[in-house]
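Scrolling down, you'll hit the structures one after another.
One chain, chain A, appears in both complexes that follow, with chain B as partner in the first and chain C in the second.
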Partner chain A sequence: MIIPFELNGNMVYIDSNPGERLVHILRRRFNLLTAKEGCLSGRCGSCMVLLDGKPVPSCIVPVFQIRNSSIVTLEHFSATPEYHDVMEGFANAGVSMCGFCDAGKIFIAHAIVSSETRMSKDEIKAMFAGNMCRCTNVDDLVAGVKNAIALRRKRTNAK
Partner chain B sequence: MTPTPELRFFSDIEFPDQYYGVLIRSSIQRGHLVDIKSPALPDGYYLYSATDIPGENRLSAMGTTIPVFTPFEIQYYGEPLGIIVGPDLDVVLELVSEVLIETETLEPFQFGEQFSSSQVVGKRVLLSGDPDAAFSCDGRVFESTSEIGPQDHYYAEPLGVNVNVARGKLEIFTATQWPFHVRSTVSAVLDLDPCEIRVVPTATGESLDGKVWFPSLLAAQAALASVLCKKPVKIAFSRQEDFLFSVKSAPVQIRYRTVVADDGVIDAISARILINAGAYSPLIDEIVDRMTLAATGLYMARSYRVETFALKTNLPPMGALSGWGEGQVLFALETHLARVISERGYSPTEWKMMNLNVAGHDAPIDADMVKGARFAELFSAICAKSDYLRKYSAYERLNHARKDYRDGPLRGIGLVCGFQGNGFAGTRVGTSSYSVEITMETDGRVSIGCGLNSESMRQVITSIAANSLGIEESLISFTGINTDTMPATGPDTLSSKVSILAPLVEKCCATIQRQRFRHPLPITVKKSWKPSAQGYPFVSITPAVVACELELDPVTYDARIRGIWVATDAGKLYNRHAALTTIKKTIPIALSKMIAEHIVIKDGKIAPKQSVQYEILSPSEQPESDVIFIDSESDPKGIGSISLNLIPAAYAAALGQITGRQITKVPVDAESLYEFFESQEEAK
Partner chain C sequence: MLNKYTTVYHASTVSEVQTILKNIAGLSIVAGCTEIARRQTGRALHLPANVLALARVPELCTMTKTERYIEFGPSVTLDEILKLGRKNVPDVLFDCVSGIANPGVRAVATIGGNISAKGQRLSAFAPLLALDARLEIRTPYDAAWIPMARYFSNTGKEQPRDPEFISRIRVPTESWDIAIYRRLGQEGIVTDQTASFAFLVKFQKNILADIRVAYAGRFFFRKREFENLIIGRTLPLSEKDMINLMDKAELFFGKDLFPPSYERKCLFNLLEESLRELT
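== the complex of A and B ==
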């Protein structure tokens, strides 16, 4: 089955079994390794990508679902100012990450920062429920997200 | 921060012409292997088994050996019998499913009080005074038996290895806590000189000690295949394969008996610890040592007896979880003592303080270490932060006066004290030496070689070096980490890196600091540490006090954590934020072990569906917590196991105050609490 979709800004066409996991396609065919193979059940968040701008675990997305959609991986996202808002926010809060779960934490933080809803600490924590990696102090993560929100606001106001 | 570039993940590494390996596993729990019938293998696909091993068919660690591929005696369900390798992973998986294994079945060994002497793979007995005399007196003997089941390490990246021949050497990439053990294992299995093998440890993440020796076994299996088929070979476990066949924490059964004199002093403690070591447990000696040493906590009883037995069964290999058994023992001890305190009506803090420092009484751990533990300050800090004394008294009164458990609020607070032992228990001479080599270059840059593949420890070591040398952290780097370039070190576990390497780094920096303005740069200084063959266990101990306050919902039986307080003496803190992060991030892990993580092993097998059903507390459920470090100028001490060693016990003590019963099983979930309250209702 030929499946067309936009990958990191470029239109691509893949011939694949429609039930193939998106994470396998990204890693094995496109060598996009920031999407990690962790739990393969949508629980750990290590394989997170942006699907039409929303964070989803790519291990539970069958490729037929991405027909004509846009997929962004951390490789591409890391060149954006939005990424730098998140990373600077994390750095200022002393967030430590093992590297395996980066995609999950960064994309979820990006979703929170981009959201128009003002979230409480508990709500921010709850947003990370789909990220099972045990490498981070969640209090730091919340502080990092708050920093990133402030940085994003500052950057957009400056325009 | 994300790891530095050289700390890659093995799963991201692919070589040209890459082959993939999948293990052929036994389908019985115990028996004999008669034959492995291979399907017709397409060109470029190979099957290797025990008969193909040119060297020794064994992995050795700390006195225990385990076959790389079992030649004849099958000891557990899923034991590796061979490997099929080839260029297409899907084809390899299909071929493995077509392999026919002929076996003869034997009756498996069982775990329990009735065991044969041939099952005993580890035994320790500690005796001080005459506990039998105390138990034979008229005084009340408190007795309890706790059971803690097997649990998974649940690290982020499942296990695996990638082997390649490069630059004239066999190069092995794997996420291991013990790179030099990988090298020595592969060397023995392939009958190669260790110099012909280069191990590149990849990032381990938060492995909770699930990557101490198992990667060495996988490395030997993949290296054998790679050498024989002359291709790079990668074994990458799926999450399910990792869950079903990797090491689990050893299940334990712990029976305590205590007698407390009228003056409140512990007259006698008796602990009988049974450890289910599974078919193989390469770390079992150390686990047995640590559990035995931790069995009386740091309490000084008039007399005590500790008997620990590690029993061979036909379960998959059982090993260490962070803390190596200390947490299980401290759970059983502290919940037992919480019941004693409640039934006798003592003040927990006063009673504990009294029994932590009794003149003339004995404890298994070095008396100086025990006396150096500043428990008075730790208790005082916790009580001040948590309002423990008022809450404990109020909840005791409320819970005892309650006629119906549905009359809320159901609240309890638990307070426990204990320790984390840093470094090995002292008998592993030769496997646990550590070295640090630091060079200050002519441009003032500093490179550190100490074999670290943990990002958090790199932060700590960087802080120490920058502070000691008075330079910017940006001038500090770590030398390439592989077994060719880093000094030989023991396993990165039991906080050995912080308690041993940190002082070594300080010493190296002090030497450089003395020499740098008198001698020309570059200056290289190397310092090493070796455990002494005699003396007391551990490099140091980290004492801690933990309190946990709970409120139980009488309708859903969900326990809501109102607060967790941790006070510890971690020695000199070079990086307070890193220390705080270490404790805070392990709090949800400890809670997860206490209330969620449960594995059922039936007939030696873990059902495959458990790999997705295994309940884990999300780190996002990290409760509000206060961590207090008391000021100290002593050498840095490990804190990685503090939460795992003490939070389950504090949680259970709080739940025990609510229910009026000692919590004796882990995990304890809403369903088990429901059953408990229902049974109480029926009893009325």
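== the complex of A and C ==
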């Protein structure tokens, strides 16, 4: 089955078994290795990508579902100013980035920072429910997100 | 096992969905596919031979709110329901949806998929059953509104029907004085022990005006006869009433319908705990 979709800003066409998991397509066909294979059930967050702007675990998405959608992986996202807001916010809060679930942490934080609603500490913690990070405690993640929100606000106001 | 021979049909309108249903036999309808992914651990998901994908049909992704009800397309994601906020969604439904999986999964999983997943009934089933949700069922030829309790067989077994799909889910938004939602089983994941329980009560002065009790797991129940037994009673319920009602519950949720098990005990515990709110 030929599936057209936008990957990191470029239109691509793949011929694939429709049931193939998106994480495998990204890693094996496109060599995009920031999406890690973890639990394969959407619980660990290590395979997170942005699907039409929303953070989604790519292991639970069969490839036929991404037809005409936009996928952004951490490789592409790391070149954006939004990424730097999140990373700087995390660095200031002492969030450890071992590399395994970075995609999950960064995309979830990006979703919170970009959200129009102001979230409480508990709501931010609940957003990280789909990310099993064993290196950083969730309070540091919350502090990192709050730093990133402040940085984002500062950057947009400067414009 | 790779399923190289799966054919996926994509529709862009409801009438296209109907045409595909009319012309292709043995179609399996999917939306978010999270339930299929949950049940499998292989490199590729094993899909049925013919699949009709509804997740991208714009007409099935809309939500409408009127004074008396809220209507969801079956392909509305759980995340979108939560974005409406607690004010716009019945409490039991909001509590239930916010407890499903995690935000990443909720961004893909759909409300239609949640209620029509085969086998184990998922979290939104009991709250929608209790809220008296109605489903618009479309066949290749027509459409009809059917109460959810009537659409799904009361024994939890699948009924053979013509090809059809859910095109709208209408949920009444009336307010309830007591709305309890409980989920059994491990948090965030679905196992054999997972079940959901919804309990709604409405008073008028100190008279119990309406009560709804629904349970969904491996089996699902909503017994109007049992509810009618409680309606009209004066509140607060006495201890004698409680004992009487729990005895009646044993009869209504009989062992032939729901064999003795851990889940059955949980149902009775939840029912008793909920009825205690009325004492």
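Rule of thumb we're sticking to: the second predicted complex is superposed on the first by the 159 of 159 C-alpha atoms of A that agree within 3 Å, B and C clash if a C-alpha of one lies under 4 Å from a C-alpha of the other, contacts with A are read in each partner's own complex, and residues count from 1 in each chain.
The criterion applied here is as follows: contacts are C-beta pairs under 8 Å (C-beta built on N, C-alpha and C of every residue); 3 or more make two chains touch, one makes a residue touch a chain.
All of these numbers come straight from a predicted model, not from anything done at the bench.
Chain B and chain C, once both complexes are superposed via chain A, fit side by side. Residue contacts after overlaying the shared chain place A:A126 against chain B and chain C alike. After the chain A superposition, the centres of chain B and chain C are separated by 90° when viewed from the C-alpha centre of chain A, nearest 10. Contact with both chain B and chain C is seen for A:S41 once the two complexes are overlaid on the shared chain.
By the touch criterion stated above, A:V95 is placed in contact with chain B alone, chain C being left untouched.
By the touch criterion defined above, A:L33 lies against chain B but remains apart from chain C after alignment on the C-alpha atoms of chain A.
The superposed three-chain arrangement places the nearest Cα atoms of chain B and chain C 6 Å from each other. In the three-chain superposition model, chain A touches both chain B and chain C at residues 40-41, 43, 126-127, 129-131. Looking at the complex, you find that chain A touches chain B at residues 33, 36-41, 43-44, 46, 90-91, 94-102, 125-140. Listing the residues of chain A that touch chain C in their complex gives 1, 17-21, 24, 40-43, 45, 48, 51, 54-57, 59-62, 64-65, 67-68, 104, 108, 111, 126-127, 129-131. Within the complex formed with chain A, the chain B residues making contact are 1-3, 7, 9, 11-12, 154-158, 203, 205-206, 208, 236, 238-240, 455-456, 459, 577-578, 580-581, 584-586, 588-589, 612, 616, 618-622.
Remark: chain C residues 2-4, 6-8, 10, 32-34, 36-38, 41, 43-47, 51, 53, 55-56, 79, 98, 101-105, 107-108, 188-189 touch chain A in the complex.
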